[in-house]
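Take a look at the structures below.
Across the two complexes that follow, subunit A remains constant while its partner is subunit B and subsequently subunit C.
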Partner chain A sequence: MIRAIARKELVQYWRDGRVVTVFGIVALLGLAATVTGWSAVSAMERERASAVAMDREIWDTQGLKNPHTAAHFSRYAFQPTFNLAVFDPGLTDYVGNAIWLEAHYRDPAALRPVEDAVEIQRIAQLNPAWVIQVFGPLLIFILLYGAVAAERESGTLRQLLAAGMRPVSLLLGKAVSAFSLTGLLVFGVLLGSAFLMSAEGIERLPDTGLRTAALAALYLVYLAIFVFLALGVSALSSRSRTALAGLMGIWIVATILGPRIGPDVAGALAPAPSAPEFAARLDQEGADPFWGAGEEAVQRRQRVMDAALAEYGVETVEELPINYDGYLLQASEEFANGVFDTMYAELWGGYERQHAIARGFALVSPTIAAQNVSMALAGTGLHAYRHFADEAEEFRREFVLLLNQEMIDHGGADGYAYVSGNGFWRQNPDFEYAAPGIGEAVRGVWADVIILLLWLAIAIAVAALGVRRGFLGEMAA
Partner chain B sequence: MRAIRKHERRALLGDRLQVLLLGLFALICLSASLRGAQYREALEEAAAAFEAEHLERAADWRERVVAVESGDVAPEDDVFAGLAMDVARPAVAAPGPLADFSRGVTDVHPFTARVALWRSVDRLFGNYQFQSPNEIRAGKLDLAFAVLFVMPLLMIALTFGALSRDRDSGRLGLLLSHPVSVRAMVRSKLLVRLGAVFAILVAALLAGLFIGAGGVPDGGRLGRFAFWFLAASGYFAFWAGAIYWFVSLNRKSEITAMLMIGFWVLNGLVGPAVLAAAAQLVHPAPSQLAFLSTARQVSNEAYRSRADVMQGMLLDHPELTVENYTIPEYIRVSYLVNETVDRAVEPVLEEFEAVQNRRRSFLGLVQYAAPAALAMRSINEISGTDLARQVRFEGEVRDYKRAIARHVEARVLAGERLTVAEVDAVPTYTFRESGLGAVGRSVVFPVGYLFGLGLLGAALARRNLARLQTRFREA
Partner chain C sequence: MLEARDLTKFFGEVRALNALSVRIGAGESLCLLGANGAGKTTTINLFLAFVEPTSGSALVNGHDVQLDPIGSKRHLAYIPEQVALYPSLTGLENLEFLAELSGHRDHRTDDLLGFLERAGLDAPAALRRVAGYSKGMRQKVAIAAALARRASAFLLDEPLSGLDPAAANEFTEVLADLRRDGAAILLATHDIFRAMELGTTIGIMKSGELVERLDPGSVTGAELEKIYLESMRGGAAGAGGGPA
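So, the complex of A and B:
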């Protein structure tokens, strides 16, 4: 019976020019978004590969230079744009592509694509995940707003029930038809993305297959929420007009207002540190207490000198068997690293607090939760960005240590006059980034998964309520 | 008609859901105004603090030059006093006059720069990328968002049943059998419902004007506000015309609602997304990573061949050869390396600017296909938060660095300290907002277009309703 109803509904959709038109537009948007996403990711990866090679070449051929001067020039960590960003670019455009690994400073990622983007991109950015997140529910609501209400209005519902049709079968038949149509959209877009993601030159995320399957499951759950909500609202509404108005209200709150209001309120309740202020503090607190002219800095440098003299058992700096300037520079790095750890923990903490507050809005907008999970699976969320930034910072510290150590070990009494050559630069390692696996990626979004499942349960409950109230009332009549 | 309007007013006020929606819109606008005012104040404070700090540093630095010049400090006791390479000045673009109304691109671009000769032009803006990426991605709930996206939704929610509800219930035929003009009836209904939205819009904008100014606004803000108000009214008129037309189609309520929502989606989401993608596809920006690599490569090569660079400089300027050169040579080298980098990246930066200009021209033409995009661009320009203003600021800062370099170059290369008079003559930078006239000229056509579309919608709607009336009469 369910299959028969679903088939009848699908035929009806097919005959209804409006449904075909809307579906066609959404499918076309999905296709355009997929191709645009692939084009953007391919270009980013091409540029990155070229920049990585150039960075190596520049480093290797810098000629005679003091290692610490080289540490100031340093190198860059370029963030890869992985294959699943074709499907969901998430924060890709809003975080920088490159982190400068300079001495004495932990730089933020620079070169954010959004800075080059036209301003209207801030209204909406065409990408496959966005098409499904926003237009999937809209399509479902258009297909299902009259699922029960219209049958009731036209009197066919009473006839069907009188003929022995089980309400659940009717509801499930309609659910299956709408779900299969929108599911087709999800699989179409995902398959298209998967095909383009496998193109040469695009780096693969670990567990891509598993992640893609999880994305498919995520969006099926996401769409199922709206399918059941639509059926419930339609069954509970006396008229299809009322059902449509209610569903449009849900769509607007869930997909348009919620994802914007949530982070905005979060920003108001837990403001992140002001960017210029934070940059200035990072500059001062990482350097002044060590290199400044104040008493604290002078004493700190004195302690470093005392430690060096004690370590090598000599009386004066001149007697040290090492390059003391390099030693002092490394001590300053270690001091600054502690400051950076504290300050960046504060910065990330601020982001995380905002994220947690915004997640609270997922209770009125499942789209927020779906976006969080989708970005995490695609490796384009906040966690992935932080993972990259932390790995780059770890490498920066090791790299600067390597350069300072070269000066300490071989610089002798030459101080800053000591220079190394291309032979040494060529031995220096590259930054190689390995993205986390799916387990680590989804660790931060369990709450979102639970919220989505909660939404699914609520949606099913609304549909069940619709069956009880809407259908049974009709049967009693 | 007065009776219809009275009835509509009562119906509107008696419908809890619609009153709730109007209240919600007012609340969103008020919250946007308050948050916008906070945001603008924070930007102002950050800009002022940055400028004050760097001017204070410059003043301290000047004091050292005064001390040496007046003989209070022996030159050899402060070798670096007045070191020309150390000249540094702040360059600040204070937030746009109505940045509290529309944040535009201000949340991702730098608005301060420490202009110093030690920095090549690719590094003038320092580190500013600390904003929360989630916040930037989500966008802001400012007045522009409330007007461009929330207001049309409210207009739709209040009006989609203006005619079709009577049609659905079968009352329309009965009504038109009386000597009632369907045009006047629909107009009265829309006037009451859309009038309520417009009243809230006016109140919200006025509240925003005073809240953001922290009292009575000055003339500059008032002038910009007048344009903002016109643009918002134009967008309102566009939507009012569109709604009038959709209502006049006399379809079932749900079909009318779906058509309106579909139009909202096309205009507000699909249109801007497609136009943005098209602008970027047709006029791709040069690679930022390639720009970075170029700057580093040039810097590396200039550093490697610094002896040649120095030699070249001295051949060009033999008068700068100073016998007793006491300032470390790396200072001159740094200047020359940075200058080489500046020259090398100039064409790339010009290309970035040119691409933005080409995209602007492209969008200037195609924006008419998506009124939401057109209205947003106009509103950002009026607010002083548009991309063109930002590109202008960044370009001016680079020019400012060149001006400072020209002023002190001879001293840097000769290794001589600046005199107090020279320090005082170091150029200063002031960012100038576009004049009201320029803004007006730029937005008059787009805003006029919005009003024109509104009128067109109304004219088509009148024709449809006249036909409907005739059909009923004939029937």
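So, the complex of A and C:
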């Protein structure tokens, strides 16, 4: 019975020019978004490859220079734009993919613009994931608003019930037909993305296959929510026009307003610092307490000198077998690192608070939860960027230590006059980013998964209510 | 076989049907006459299990429709005044869908065209989309659906209203054929003369009660009309039956 209903619906869809037109437009949007995504990712990867090579060449050929001066001359940590960004670029266009690795300073580039931390959660650009997130529900609502209401208006519902059809079979048959069409859209877009993702020059995320399968499952659950909501609303509405109006309201709130208002409210309730303000604080709190003229800074430097003298068992700095300036620089580096850890923990904590507030809006908009999970699986969410930023910071610290150590070990009494040459620079390592696996990637979005499943349960309950109540009036007519 | 046992239905305080007891066996047809609100459609709704009886029971081929609503509909055909079909599907496709709904997936296209032919719809018409069908053609699809599901009990609610004389005559002939083939038919109608043609029993309903039960062989059309009009007189006729 369900199969017969689903098949009949598909034939009707096919013969209904409006449905074919809307499906065609959404499919074209999906195709255009996929090609655009691939083009953008390919371009970013080409630019990154070129920038990596240039960065290396400039570093290798900088000539004679003090290693610590070179640490200020600095290098960059580049984050690859991975293959799944073709499908869901997430925050890719909103955050930097290059971090400046400088001594005494932790570049917040990955978070730039810091004041737009709210904005970066506001994804409203043409990409395959967004097309499914916004137009998938719209397509479902257009297909299903009349699922029961229009059958009631035309009189066919009464005859189907008289023929022994169970209301639940009608709903499931309609669900299968709408699901197969929208599922076709999801798999079409995912397959198209997968094909383009495998293009040469685009780096693969670890667990790409697993992530793609999880994305398919995510969007099927997401679309199922709207399928059951549409069926329930249609069954409970006396007229198809009423059902359409109600569903359009749900669509606007869920896919347009919720994802825009949520981050705004989060930004207002838990504001993030501005980029210049945060950078100034990094400078001030990381440097002044060590290098300043105040008593605290003087004492701190004195303690470093005392420790160095004790470590090497000498009385004066001049007797030290190392370059003391390098030693002091490394000590200041370690001091600043502690400050950065505290400041960045506060910053990330602020983002987490914003994220939690915005996630609260997922209770009125499953799209928000779906976006969070989708970005996490595609490796383009906030947690992925934090992972990259933390890895880059770890490398920065090792790299600065390497340079300072060169000065400490080989600089002797030359102080800042000690210089290294291209031979040394060429031995220095590059930053190589290893993205986390799927387990790590989804760790921050379990709450979103639970919210989505809750939404699915609510939608099924609405459809079940439609089955229980929506057919009673019809039968008594 | 269709059977009502003390079938009673109240909508709130309003009595729509009062202790109706009838039995329509194979090859029999009961034509119910009555004004709007007399209880004819309520009777049909009770047989379709669309509403619950206040008391009593309705049985189709021995199945209590409340206890076994799906089983009771397996060989039951319902034809309303306005047969609703899917306009973007052809008559044949509508029939195929309706047959599948009732669990008859085994019909080949030729079988289905045969049912339509028997109902009076030729193949070229059956292959056209229903959007261009007349009311009579839609009813033929409904009859064909009843044939396809091998219906043995028919509930017809004013099926002749609005049909032109030729179409009404054709439809009556098909129903008479079905009855002769052993179908049990319950027909609600305002058309006294078609009731005379089709009924093995004629019932007159008023305010939810079956007030007259007649053998069409024992009365003429004019006599039936007179009996009907006299039954309707007396003030209450058609005035307080509630939803019918």
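Here is the rule we use: the second predicted complex is superposed on the first by the 458 of 477 C-alpha atoms of A that agree within 3 Å, B and C clash if a C-alpha of one lies under 4 Å from a C-alpha of the other, contacts with A are read in each partner's own complex, and residues count from 1 in each chain.
In this section, a residue touches a chain if its C-beta (ideal position, glycine included) is under 8 Å from a C-beta of that chain, and two chains touch if they have at least 3 such contacts.
Not measured: the values here are computed from a predicted model.
Contacts of A:Gly292 after superposition on the shared chain: neither subunit B nor subunit C is touched.
After overlaying the two complexes on the shared chain, residue contacts for A:Lys8 are found with subunit C alone; subunit B is out of touch.
By the touch criterion stated above, A:Arg158 is placed in contact with subunit C alone, subunit B being left untouched.
By the touch criterion defined above, A:Gly412 reaches neither subunit B nor subunit C.
Legend: residue contacts after superposition of the two complexes on their common chain; A:Pro206 is shown touching neither subunit B nor subunit C. Comparing subunit B with subunit C, the partner in contact with more residues of subunit A is B.
In the superposition on chain A, A:Gly360 makes contact with neither subunit B nor subunit C. In the complex of the two chains, the subunit A residues touching subunit B come out as 18, 22, 25, 29, 32, 36, 39, 43, 47-48, 50-51, 54-55, 58, 61-63, 65, 73, 76, 78, 90-91, 93-98, 107-126, 130, 134-135, 138, 142, 145-146, 240-241, 244-245, 248-249, 252, 256-257, 259-264, 266-268, 272-280, 282, 347, 350-351, 354-355, 358, 382, 385. Touching subunit A in their complex are the following residues of subunit B: 35, 38, 42, 46, 49-50, 53, 104-105, 108-109, 112, 126-141, 145, 148-150, 153, 157, 160-161, 165, 168, 252-254, 257-258, 261-262, 265, 268-270, 272-277, 279-281, 284-285, 287-290, 292-293, 296-297, 299-300, 303-304, 352, 359, 363, 367, 372-373, 376-377, 380, 386-387. Taken together, the subunit C residues at the contact with subunit A in this complex read 45, 48-51, 69-70, 73-74, 76, 78, 80, 82-86, 88-89, 93, 97-98, 100-103, 105, 142, 145, 149, 155, 243. Contacts from subunit A toward subunit C in the complex involve residues 1, 4-5, 8, 11-12, 15-16, 154-156, 158-166, 474-477.
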